[in-house]
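After this come two complexes, each holding chain A, first together with chain B and then together with chain C.
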Partner chain A sequence: MEWLIFGFLSSWAILSVFGVLFLKNPVHAILSFVSLILAVAGMFLHLGAELLAGLQLVIYAVAIVVFYVLVITTVPWEKVKRFEGFYKKELIFGFPVLLLAFVLFAYAVLKGNFARVGMAVENNPKAVGKAIFTTYLFPLEVASVILLTAMLGAILLGRKEE
Partner chain B sequence: MQELVSIQLPDLRLVLPELTVLITGFMLFSLELLFKRLSHAIAISVSLVGYLIALLFITFMPAKGETFFGLYHRDGFSSLLQFFMLLLTMVLLGFHLIYYRKKRSLYGEFYYLLSFALLGGMFLVSSYNLIVLYVALEAVSISFYILTALLRSDFSSKEGAFKYLMLGGLSIALASYGAGFMYLYSGSLDLRYILTHVGENQYFLVLGLVLFLIGFAIKIGAVPFHFWLPDAYQGAPTPITAYMASVGKLAFFAPLVRLMPYVQEHFAYAWVATVSIISAITMLYGNLVALVQKDVKRLLAYSSIAHSGYIMAGIAVAQLIGLKAVIYFLIAYALMGFGSFMVLALLERSEGWENRLEQFSGLRFSAPWLAVSFMLMLLALLGVPPTVGFVGKALVFMSLSSGSLWWLAFVMIVATGISTGYYLRITALMFMRNPSTNLQLALTGWEKALIALLTVSLVLLGAVPIILWGFISPSAENLFVR
Partner chain C sequence: MSIEKAYILISIFLFLSGLLGVIIRKNLIMLLLSTELMLNGVNLALASVDRLVGGIEGQVFALFILAVAASEVAVGLGLVIALFRLKGYEGSSEITHLRD
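Take a look at the complex of A and B:
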């Protein structure tokens, strides 16, 4: 049963990825990106990481996709270069690199020393919240300064010169 | 609820300097929001007072230890680097106003962006934790990207900032990829634990360490990862270039320095090979390319790359003497680099000055004292006794010989020989030619005093190195205590 769910979710995810790559209309591409996010969120749920699934939906499916749609609607599409078939040279160079990265990653996942898997699965929103507001409070606070700086910079550089 | 309350509260006394800088930043932020046209005198004095208080906290409250559950670590090393960061930021605030006014790029946001950059740097020098290092690295870098782009209607400033943004993003991605492998190896995020941990799959550690090093090599501008540096340094407003070359270098080198005492037998070969090869290429390439530059700002940017190479040569020697040499050279370069870029910032204020090499000819007639200070700074960068650059280079050379990295010491001598070509050429142009352009330069009393202070400190710290050594030596030994 577990393998069935995993097989369904992963084939769904792979199909959506190809949709993002090959659909010509940008809005369709975004829609299949949303479908990819749903598939990944489903995988997280299936692994018992309900907080991660929820965050995936809230942050990616809502915030980031809305942002993408906003960008797409402001781009003047008649000026944009159209899809011109496969990039063969890039494929030849890119494929070995991707394969190497994949093999490395797969090996790391299989053999790596993950810290105590299965400890935080029970009630993980509470566990994550506790970790963020006690042990990892310090980086969280620094991250808030980063976000403030980045926002200020975006406003400052995007502003029209007087 | 009960267990949340029982958790011990972090010891905020240790982070008082950082808290002061943070509060200063937010005060500047809210003042700027409240008063639409905030007077620059007020902004400068608020920043100066804040940084001065932080400086006093560092000097007179030498509390040491760890807090925030081991994520924040204050020791002699971090206090020393933070002291110089704060000092250089304060000196910068004495210089920037007229430059920015001349370039019509005076933004009120400058002040708190500067304080957030400083804050990120102060965090970066005081942690062993990979997550904190990542977050602090982002904090410094994002402030630097914005500060680099803040030159009104100047294309090269935007271009430099964009290149910096792209390669900076790549560097952080690589460093966090490496951090991921280190985590997989040991199951911990603390660098001290990771590097002393003995487990299976040690190539995870080596791979992670090499990727982490490459990520930081991009940030410090080591060859072959330096492509952003000349463009960003040339495009940025010159006071910000000085800031990146001093405070930026201090911050970005600190995590590598913190790694040095934990280099163990079983991966020392990876460390020595990676660092020494990068260092040798960096020294030679930086100096050779600087030799053919016609633009002095770009020339000094390449000289900054070469100095990253010298510092990395010290890092390759993972021993106590190497550690001391690296800290000395870092502080020395922060002072020299800051001073030399600041002289350019002063010169750029005069009409028609474009930092071209031939414009420096006969500078001694139009600005005699500035020419003398610039000459002393260039001689310090070259490493002539009794300046601070000489002591730094001598210490790195000594540590290379005690670590029996003779080939690297030889490369360093050759690189220094090459660098004579361009440092002495500028000096000769300034003092042995007749002036080509008519230079009008009006310096305020503050600027004269600060340039004099920087020059005197370069000579004084070189002639009496024990002043700095007295602080460096115990803090370096403290880093080596497990």
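Take a look at the complex of A and C:
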């Protein structure tokens, strides 16, 4: 049963990845990116990371994708038409290198052993929330400052020049 | 092979295809979308290693990666918009000022 869910989610994700990489139209590529995000959220649920799955849906599928679609609507369509698709020569030269890298990584993962420091955590979202607000409180505050700075930077970059 | 290792393989695939997208895509917005692919792969690897090892630190780290992804998208798309408005550039092959 577990492998059935894995096969379904992974084949869904791989199909969506090929859509993101090779579809010509940017809007179609973003739609297949949404499909990839749903597949990855399903993988998080399967791995027992429920909080991460919910945040993946909220942050990626809502905030980030809406951002991309907004930016695509601001760019004139005939300019986008000139630069759709992908470079063929770079694909031919880049694909074997990345395939070799994948084989090396896969070998390392399959042959290597992982240390086991603990056992599976019961009630995962509660444990993660507790860790965020006690052990990792200062990094959380730093992350909020980073988000504020990014917001200011985006406003400064995006405003009209006088 | 356990199911977590299979998920780690999928995450490596996601990361490397994001890298391939950064290399081959012509449109600047699609370049940024490919970096999102890479970040998704890293998050998946962290979650699966978390279950393999038995802990929650990887998920906490993945939350910070989500925050960084959100800010990266805000600043990156702002840069793309500014570049388009100032120069009219939309393709990755047009930005050659540092080379020339």
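Note that in this section the second predicted complex is superposed on the first by the 121 of 162 C-alpha atoms of A that agree within 3 Å, B and C clash if a C-alpha of one lies under 4 Å from a C-alpha of the other, contacts with A are read in each partner's own complex, and residues count from 1 in each chain.
Heads up, the rule we're going with is that a residue touches a chain if its C-beta (ideal position, glycine included) is under 8 Å from a C-beta of that chain, and two chains touch if they have at least 3 such contacts.
Owing to the predicted nature of the structure, the values given are computational and were not obtained by experimental measurement.
Applying the stated contact rule after C-alpha superposition, one finds that A:Lys111 touches chain B and leaves chain C untouched.
By the document's definition of touching, of the two partners only chain B reaches A:Phe138; chain C does not.
In the superposed model, A:Val20 makes contact with chain C only, not with chain B.
Touch criterion not met for A:Val69: it reaches neither chain B nor chain C.
In the superposition on chain A, A:Phe6 makes contact with chain C only, not with chain B.
In the superposition on chain A, contact is made by A:Ile146 with both chain B and chain C. By the touch criterion defined above, A:Leu157 lies against chain B and chain C together after alignment on the C-alpha atoms of chain A. More residues of chain A lie in contact with C than with the other chain of the pair chain B and chain C. Overlap of the chain B and chain C interfaces on chain A: residues 114-116, 136, 139, 143, 146, 149-150, 153, 156-157, 161.
Every residue of chain B that touches chain A in the complex is listed here, in rising order: 4, 7, 10, 22, 68-69, 71-72, 107, 109, 112-113, 116, 119-120, 123, 129, 131-132, 134-136, 138-139, 142-143, 145-146, 149-150, 152-153, 180-181, 183-188, 199, 201, 204, 207.
Residues of chain C that touch chain A in their complex: 1, 3-10, 12-14, 16-17, 19-21, 23-30, 32-34, 36-37, 40, 43-44, 47-57, 59-60, 62-64, 66-75, 77-82, 84, 86, 88, 90-93. Listing the residues of chain A that touch chain B in their complex gives 104, 108, 111-116, 130, 134-139, 142-143, 145-146, 148-150, 152-153, 156-157, 161. Of all residues in chain A, only 2-3, 6, 10, 13-14, 17, 20-21, 26, 29-30, 33, 36-37, 40, 43-44, 47-49, 51-52, 55-56, 59-60, 63-64, 67-68, 71-72, 74-75, 79-80, 82-87, 90-91, 94-95, 98, 101-102, 105-106, 109-110, 114-121, 124, 127-128, 131-132, 136, 139-140, 143-144, 146-147, 149-151, 153-154, 156-158, 161 touch chain C in the complex they form.
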